[in-house]
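What follows is subunit A paired twice: with subunit B in the first complex and subunit C in the second.
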Partner chain A sequence: MKKYWKIITNEFQRHLAYRANIVSYSFGHLFEIISQIVIWTVIFQGTSMIKGYTYPEMMTYVIIGWFILFATSNYGFEERIAKDIHQGTLSNMIVKPMSYVRYIIAVSMGRVVIALITVAVIETVLIFLLRNKIIINLDPATLLLMLFMLLVAFFIKLLFSILIGLIAFWIIEISGTYFSLNIFSKFMSGAYFPMNLLPAVFVNISLFFPFIYTFFIPLQLYLKKITLIEGLRGLGVELLWLFLLYLLIKLVWHFGLKKYEAAGV
Partner chain B sequence: MKTIEVKNLSKVYEYYKKQPGLWASVKGLFKREKLFTEAVKGINFSIEEGELVGFLGPNGAGKTTTLKMLSGILYPSSGEATVLGFTPHKRQKEYQKQFALVMGQKNQLWWDLPAMESFILNKEIYEVSDEDFKKNLDELVGLLDIKDILDVQVRKLSLGQRMKCELVAALLHKPKILFLDEPTIGLDVVAQKNIRDFIKKYNQEQKTTIILTSHYMDDIKELCKRVVIIDHGTIIYDGALDDLIKKYAPYKVLNITFNDKGVEKTQVEKYGIIQKYNQYAVSIEVNREEVKKVATAILSSDLPVDDIMIDEVDIDEVIRKIFKK
Partner chain C sequence: MKLIAAKIIRIYRIWLMQLYSNIMRRMAYPGNFYLMAIGSLFQMFLSIAFVNIIFSFINNLAGWSYHQALLVVASYMLIEGFMWGTCAYLNGLSKNIQEGTLDGLLVKPIDSQFFVSVWQSDPEDWMRVITAIVLFTIAIKGLDFSQDKFILNLFLYLFLLINSYFIIYSITLVIRSITFWTTEGDGLWKILETLTRLSQYPTDIFYHSIARFIFTAILPLAFISTVPAKILINGPDIKLILASTFLAIIFFIASRKFFHYGLKHYSSASS
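Let's turn to the complex of A and B:
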């Protein structure tokens, strides 16, 4: 385990060297949230309720959602894996007594720390500034459950990225696939807008994908639109997905490596 | 038991052919012509513990493919390789802890961090104890003289310094076998020599078995007693470097200088094959057995000989001839 800890700290140090870059990223993210706040504020001037959401609820959805989105993000691991495979850097890894997939997971954990701190600072400022417009829920059980859901969400999204990255064993250029799948997964998670703005059939379909549990469900819990029990069930489904993705990665890795060993890609 | 034993090892790569042009690209979406190349064709060799063997061959000869099979990156299409009693492509941890692979064109060091961080990571990966780590590191750092650059970010190092650090990273766990794939590629002559000297010394002191591929003749000449020449996937020579010259160059070269008015070409042609000719200097190829006799004949002739030297054929020349065939 010591080796993976060293990978985490190495990646953390590496990113410390690029702190300006991370701050720049957060700057861009800030504009995303501002545009969301503007749109919803304008829409709610003509009405007080949209599909069961009040203005404070919608603002909460946007502001807390922004934090969730970036706290569970892994910042482009698909391309990192694709690069390792195509440039043959993978060869250097697989001759060592170490698991490549675990290596990637460790790197992502090291990478996310600084981004998480930056986002948390910005989020705190935002909540403070908009404290009169949003709903503050400090119920410990809810927050604890949310924390767990987000932790699992981080790994679900990471494993999903790894899975897409591994497609590079068969496809030379994955950026198109990865771009579309990322937008699809963001849409299905409810990060663009609450899922229940869509007809019920869409919500029902999205329950069969892992993404909704990484964003929409934890937010519903926070907004008290679902009960703790329903939240716990969400966590259960998340864990199931995590396990499933893990198995899928094992399978894809196994066959991908066969191809890599055969062709050197 | 031999350290490395290779029997009928072959590797076939699949690839697809694509005709030029737009229409062919569209057709290629539905039907592609699959082709095969045999990168390595049933090679056999074995290597003893502590040997330093050079793999020599032009680009695409199969050197790197062979190393990749020995290190377990590629699995053989047929035949088998056994290294330290292990089958490499099973990639067992016990095997992986006993060898290292250094590829001149791919680095394993963390680009944005000082080399030291990568060393510590390798220490953890290979489960080297603190004492051994310190001891090995001091030794390697001393041998390569890189104490000053350990705390500099790798991307700020020169190619030569980086290669030294790559070697340290690879040797910290004291591997029994070291695969070096083009370790001197792209380096200037001084850096090349530094790396070479280190490899030589390390092999002598540690008795590490080393396979080195290179297309720089100097690497092979200086380091390897034994050389394996690969071309088009087959081994065309395996043996001592010295014997190679004897086998492929059954002649020596007589370099003769003349004074006075010099000589006519016709006057020296009878002694052997003329390699170079001008009035005052002639190089003649003469069979090994006859070289003394011919030299004596020239000296005792009435030609105005100023100096005569019997030279061994240049190894580069020999190799070039082999690859041209």
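Let's turn to the complex of A and C:
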């Protein structure tokens, strides 16, 4: 465990060198929610309710949703894994007394810290500025359950990225795969807009994928549109998906290594 | 005059060759190319879906009807598609600076800015242009135009879109040129990307006077898709046309100067 902790701290320190870049990234995304806030404000000038959402609920969806999106994000691990496989640098990892997948998880955890701190600061300022326009839910049980859901969501997204990256054992160029799947997963999670603004069939389909449990369901819990029991059920489904993804990665890794040619060695 | 014509033809040929080589590069992995194209198409579909969702609850967005708003979205998609399809938002510039491979492009006997700009393009993003044209046609069909007015308006619209292209290109060049000093400049690019994406909505939604000033004077988002759409719908407005042309020229000259200034600070990591 100590070695993974070292990887986490190393990665954190390495990313401190690029803090300006990370802060710029976070600010870049801030403009995205500003546009969302402006658009929904304009829309709600003509109506008081949209498919069960009031103006404060929609603002909360956008603002808290922004935090959830970043708190559960990992940054481009598909490409990194693909590079390791194609350039043969994976060989260095295989001979070390540690699991490559766990190594990637540790790197991701080290990397996310600075982004998380930046986003938390921006989010606090946003909540303070818009405190009269959003719903503040301080129910401890809800917040605790949300915290667990977000933690599992982070790992689901990470394992999904790792799984896509491992496809590189079989195909050379994976950018198209992860580009398309990332858009699809973001849509299915409800991050573009609330899923229930679309016809019910979209929500029903999205329940068969893990993504909706990483964004939409925790937000519904926060907005009290689902009960704690339903939230717990969501957490259960999330854990099930996490387990399934882990098994799938094990399987892909097992067969992938047989295909691995250790280029450059 | 002959010399200028020869120069333009030469630049055009190089651009075509670069485009061809980028298509070859992408088509080396056809599956990946099609997945990229599908991804771009899906992204476009989501933007259109969002407009449809909005208009299923309201009749107009800050004074813009459904088809008028579609026209703004189509205009933005056209510019976005051309930017990705012709110069990939100058992705190649940052990449070459970071990898220290810019030297190879600078020594070529051709204008450095031009070659660096067209060095990378994403051919799969021409899908965005095709989608935009389809969307544009749908929007136009929904709007009531008289034939004679439409042709003049369309001509002006296309002229303004060229200005929009140069405005976006120039802002991108400035942001990408900052990489000469910082090496890691992707974060700044993210800010630019999200800001320019705001122009897919009519800028009239920014009803606050400060926001309006920022998005018309400082970062002229209004001139990217809202103004061209306005001219196509309402007809010529000399003030707006002149302002758009003036901005495009000023932005282009300023960005070119900034690029060359940045070039002096290029330290070539690999040399």
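Definition applied: the second predicted complex is superposed on the first by the 260 of 265 C-alpha atoms of A that agree within 3 Å, B and C clash if a C-alpha of one lies under 4 Å from a C-alpha of the other, contacts with A are read in each partner's own complex, and residues count from 1 in each chain.
In this text, a contact is a pair of C-beta atoms (placed from the backbone, for glycine too) under 8 Å apart; a residue touches a chain by one contact, two chains touch by 3 or more.
Bear in mind the structure is a predicted one, so any value in this text is a computation, not a measurement.
In the superposition on chain A, A:Phe215 makes contact with neither subunit B nor subunit C.
More subunit A residues lie in contact with C than with the other chain of the pair subunit B and subunit C.
In the superposition on chain A, contact is made by A:Ser180 with subunit C only, not with subunit B. Once the two complexes are overlaid on the shared chain, A:Asn21 sits against subunit C while remaining clear of subunit B.
By the touch criterion defined above, A:Ile7 lies against subunit B but remains apart from subunit C after alignment on the C-alpha atoms of chain A. Shared-chain residue A:Trp66: touches no atom of subunit B or subunit C. With both structures placed on the common chain, the touch criterion links A:Ser35 to subunit C but leaves subunit B unconnected. The contact surfaces that subunit B and subunit C form on subunit A in the two complexes overlap at residues 18.
Here subunit C touches subunit A in the complex through residues 28-29, 31-36, 38-39, 42-43, 46, 49-50, 53-54, 57-62, 124, 182, 184-195, 197-198, 201, 205-207, 211, going by the rule given at the top. Interface residues of subunit A, counted against subunit C in their complex, comprise 18, 20-25, 27-29, 31-32, 35, 38-39, 42-43, 46-47, 50, 171-177, 179-180, 183-184, 187, 192-193, 197-198.
The touching residues of subunit B, counted against subunit A in their complex, run 13-15, 65, 68, 71-75, 89, 91, 93, 96-97, 99, 101, 103, 106-108, 110, 112-113, 117-118, 120-121, 124-127, 153.
Here subunit A touches subunit B in the complex through residues 2-3, 5-7, 10, 13-14, 17-18, 87-89, 91-92, 94-98, 260-264, going by the rule given at the top.
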